[in-house]
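The data blocks that follow each hold one structure.
In the two complexes below, chain A is the common chain; its partner is chain B in one and chain C in the other.
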Partner chain A sequence: MSPIDYLQFVLAPQILNGLTLGVAVVLVALGLTIIFGMLDVINMSHGEFYAVGAYAALALGAAGIGFWFLLVLVPILMIPLGMAAERLLIRPVFDSKDRHVTTLLVTFGLGLIVEDVLKVIFGANTQRPPTPIPGATEWFGILVPNYRLFLLAVGAAIIGGVAYVVYRTRLGAMVRAAAFDRHMAASLGVPVSIVYAGTFAFGVALAGLAGVLLAPIYSVFPTMGRDFILLAFSVVIVGGMGSIWGCVFAGLLLTQVQALASLVISPIWTDPIVFGTMVVFLMVRPQGLFGRLGHA
Partner chain B sequence: MLDRLAISMRASHVLAILLLAAALCLAALGAALDDSFYLRLGTEALIFAGLALSVDLLLGYSGALSLGQALYFGIGAYVSALTLMTVPSFWLAMAAAGLATLVAATIGGLIANRVRGVYFALITFGMAQVVAKVVYNTRELGASDGMIGIPVVQIQFGPFAISAGNPVGFFLIVLAIIMGLYGLSAYLLETPFGRVLTALKANERRVPFLGYSVWRARMAVYVFAGLVAGLSGALYPVLRGFVSPELMFFATSGNAVISVILGGVGTLIGAIYGAVLLVILKSIIGSWTEHHLIVIGLLFMLCVMFLPKGLVGFSRPWIERRIVRVPSQEVTASAVSPAIAKSRSAS
Partner chain C sequence: MLTIRGLHSHYGLSHIIQGIDLDARPGEVIGIFGRNGVGKTTLLKTIAGWVTASDGTVMLGEHGLCGLSPDRICHAGVGFVPEDRRIFPGLTVEENLSLGLLQVRGRPKQDECRAIDAIYNRFPRLGERRHQLGTTLSGGEQQMLAMARVMVGEPRLVLIDEPSEGLAPMIVAEVFAIVRELRNRGAIVLLVEQNVHQALSVADRFHVVERGKIVFSGEAGVEADRTRLMQLIAV
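After this line comes the complex of A and B, so read on.
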């Protein structure tokens, strides 16, 4: 095989696949990192919220609601869910002595319940919604499914939109202020309690949106969140917990490493590489590549 | 005079004796009815209780949440299985598993103890994931299927021997080992080293002011907890005759954390009660629905939010009050009253 052919038929599709997975992981990890950066809470149930979004899309899609409408509807439906979770579960233990551990445990319990509830309602079988955008486009001799191109575009738009809201709007400034020093922010008139609930709900809505977008590619099953969240955790840690740009950078980097490494070594070894990177980062640079939300 | 810690530890011992009595009743009942299912279930509960005990040592005494304690449990199980398949000797398998987890926990401790708090939870989680994935993909270790066909061994006690296939005999051996590990942990916490750990949990920043190394204490308890998990894990293949990578997965670590929270963090015996309770809950709920996670998850969340000391923390104060009343009378009777009597007689 000539080097050009290798580039065209082996390397390029692999990079593209990695890119799709990267955008997918970044979408899930974005909510995780915002919730951590803002509330100092490790949301262990984030993967389950992602699964809830995917199942909501599946059920509502089967009920005849169009894909485009779902993209808006599901995240909106997720917001009250996130608000309720924050109010009923996170808030009561938020001021306990060991906030990290307690909130981690509470959300872990929530994840167990949600996963089983999904199993009760939808069964344990794998389902796959129809691809909303069929067909493929030929690019330099490689066939790229249109939906993946759409996913890349939408993913980039969402990431850009989130970054714009957080870093360039008054609302974002309030959120960052509350993350930096909640008592000071409160005394300057930021409704900290609402900001917290809203941020958590926003992160949950992002997970739901990721569920809607990724269901046609990665199939829908009750434990879908569990497999995905491990990768998302690694991304959040390597990027720096609470950093949006770190999340994007690390997400794309880790998935490219995974995609390209699988060309050289057996694909089954890529998982240990990703988790190993996470462990090394935790050892050497636990704050990750970039700083925290509100701290930089 | 007894201080708070000693009193609550004694209350834990009372609960431990109750558990021991209940377990012996189960063994006697099982032997009388010639049962093997419930005895084996009980043995498994005790084995996982050992894992929960090691999580409680970390979470309850040094305040570090480990989400990957199944790593050492799994290493213990695999090393024990490999040893049993070459040399069918129970004690050799236990020794090999203990040694292997000692080494593994030392390495793991050097990695994990660089960070604390939530990062510690994530790093232990990550380490367990890496090793579990490696085992899952290694064909020599049976890959995703695990290893089957581990022979049933004769467990030697000097001139006597008990077959691991004998449900009552093996149940009693596991009971003795797990309660031994409990006793050893309790003893260790009563030593000055244990007090350093308690101080560590109360206020980590002040411990160095008193001249103690935080790192050394954390490292020591981490290695000891790893050893406890490894020795418990080593019993698993003897019971079930197989090992699988699931033993290292997050679900196993997660179950141990659930056990500790249900039973009571920082009570030691709570971890054992929690693990037993979890197995009972699973089999009771599992008999009418397969969706037991909803109930267990709900109980778990309620415990985290409203019963931070778990079930043992709920019942122990009652025992503590009884303990305090009895010895304090003894103290007055034996030590204080002669002095008072003497002073009275002098005046």
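After this line comes the complex of A and C, so read on.
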């Protein structure tokens, strides 16, 4: 195979696959990192909220609601779910001494319950919603599925929108201030408990939106959250817990490493490379590449 | 009018504030003096809602502050400049200032812009550095920012904890000039300060705190009261 053919038929499709996976992981990790950066809570049920979003889209889609409307409806439906989880499970233990362990275990338990509830309601079989945008576009001789192009564009828009709100608006300044120093933020008039609940709900809504967007590509099954959440945790840790740009950078980097490594080594070894990178970062640079939300 | 009656607060099992009574009128600066660890900072934190009062009342005009969350205490008209300034490191000077605007709900955008512009006119250095991260400022500039952040609101009571700590004498003079401005605007200022001589230059009255109680109260302009103050706080 000539170098040009290798580039066109092996390398470029692999990079594109990595990019699609990268955007997908970033969409899932975005909510995770915002919740961590803001509340200092590791939300172990985040993957299950992603699954709930996908199943909600599946069920509502089967009831006749169109995909485009679902992109708006499902995140809106996820907001009260997130608010309820924050109020009933996080808030009561938030000020306890063992907050980190307690919230981790509580959200882990919630994730297990949600997963089982999904199994009971929808069954354990894998389901695949129809692709909302069929067909493919040829780019330099490579066929790229239209829905993946749509995902890349929408993913970039969502990431840009979230970054704009967090880094360029007063609401974002309130979130970052409360993430760094909740007492001082409150003494300036920031309604910290509302900001906390809102941030948690927003993170959950983002997970739900990711579920709607990714269901047509990665299918829907009760344990779908677990597959993504491990990669999403790696992204959050490497990028810097709470950093949006860190999340984007690490998400795209790690998935490209995974995609390109599989060209030269057995794909079995790509996951250990990603998780090994996470472990190295935890040992050497625990604050990640970009540091935490609200910190300089 | 600020009225504090029988105020108590605890850190865990430690009884820090042990029944403080205090009154202040609008436009008064009240110095709170005492040795380290007697509860001066805790008194301010209790009024600001950072520490929950275990007993007693704090009234600012018609508003009872005890039991309220710090954000609601802020909306009731209380501004707090804590000891370590607490500038948000991930926020620019302007973003830090803009949070101070939250104290007044429903203020029109134009009024907010005017309030920020007034601060930049008053503190030109902050205006020059509006897009810099707050924690890249010098210690003195950070103190100005911490006080300006409260001034962009409309506080009726300002709690200021050790504003001169670690600052050059010129900056200290500027800090106390700001305290006078707050007084001239009609705000009540509770000032905790180790630099007693400087604090007395702006204070109208003062209280000496020992083991969480007020043990002496005096007028800043009365020589006998100042002499007694010095005897009480001399190490």
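Annotations for the structure displayed:
Criterion: the second predicted complex is superposed on the first by the 296 of 296 C-alpha atoms of A that agree within 3 Å, B and C clash if a C-alpha of one lies under 4 Å from a C-alpha of the other, contacts with A are read in each partner's own complex, and residues count from 1 in each chain.
Note that in this section contacts are C-beta pairs under 8 Å (C-beta built on N, C-alpha and C of every residue); 3 or more make two chains touch, one makes a residue touch a chain.
Model, not experiment: these values are computed from the prediction.
In the overlay built on the shared chain, the residue A:177 is in contact with chain C alone; chain B does not reach it. Judged by the touch definition given at the top, the superposed model places A:286 against chain B, while chain C stays out of reach. In the superposition on chain A, A:269 contacts chain B only, with no contact to chain C. In the superposition on chain A, A:119 makes contact with chain B only, while chain C stays out of contact range. Of the two partner chains placed around the shared chain by superposition, chain C is the only one that A:185 touches, whereas chain B remains out of contact.
Look at A:78: by the touch rule set out above, it reaches neither chain B nor chain C. Applying the stated contact rule after C-alpha superposition, one finds that A:193 touches chain C and leaves chain B untouched.
In the superposition on chain A, A:108 makes contact with chain B only, not with chain C. In the three-chain superposition model, chain A touches chain B and chain C at no common residue. Listed in rising order, the residues of chain A touching chain C in the complex are 170, 173-174, 176-177, 180-181, 183-193, 293-296. Contact residues of chain B toward chain A in the complex are 59, 63, 65, 111, 114-115, 117-119, 121-123, 125-127, 129-130, 133-134, 137, 254, 257, 261, 291-294, 296-298, 300-301, 304-305, 308. Residues of chain C that touch chain A in their complex: 48-50, 69-71, 73-75, 78-80, 82, 86, 88-91, 95, 98-100, 102-103, 133, 135-136, 149, 153. On the chain A side of its complex with chain B, the touching residues are 42, 89, 92-93, 96, 98, 100-102, 104-106, 108-113, 115-117, 119-120, 230, 233-234, 237, 266, 268-269, 271-272, 275-276, 278-279, 282-283, 286.
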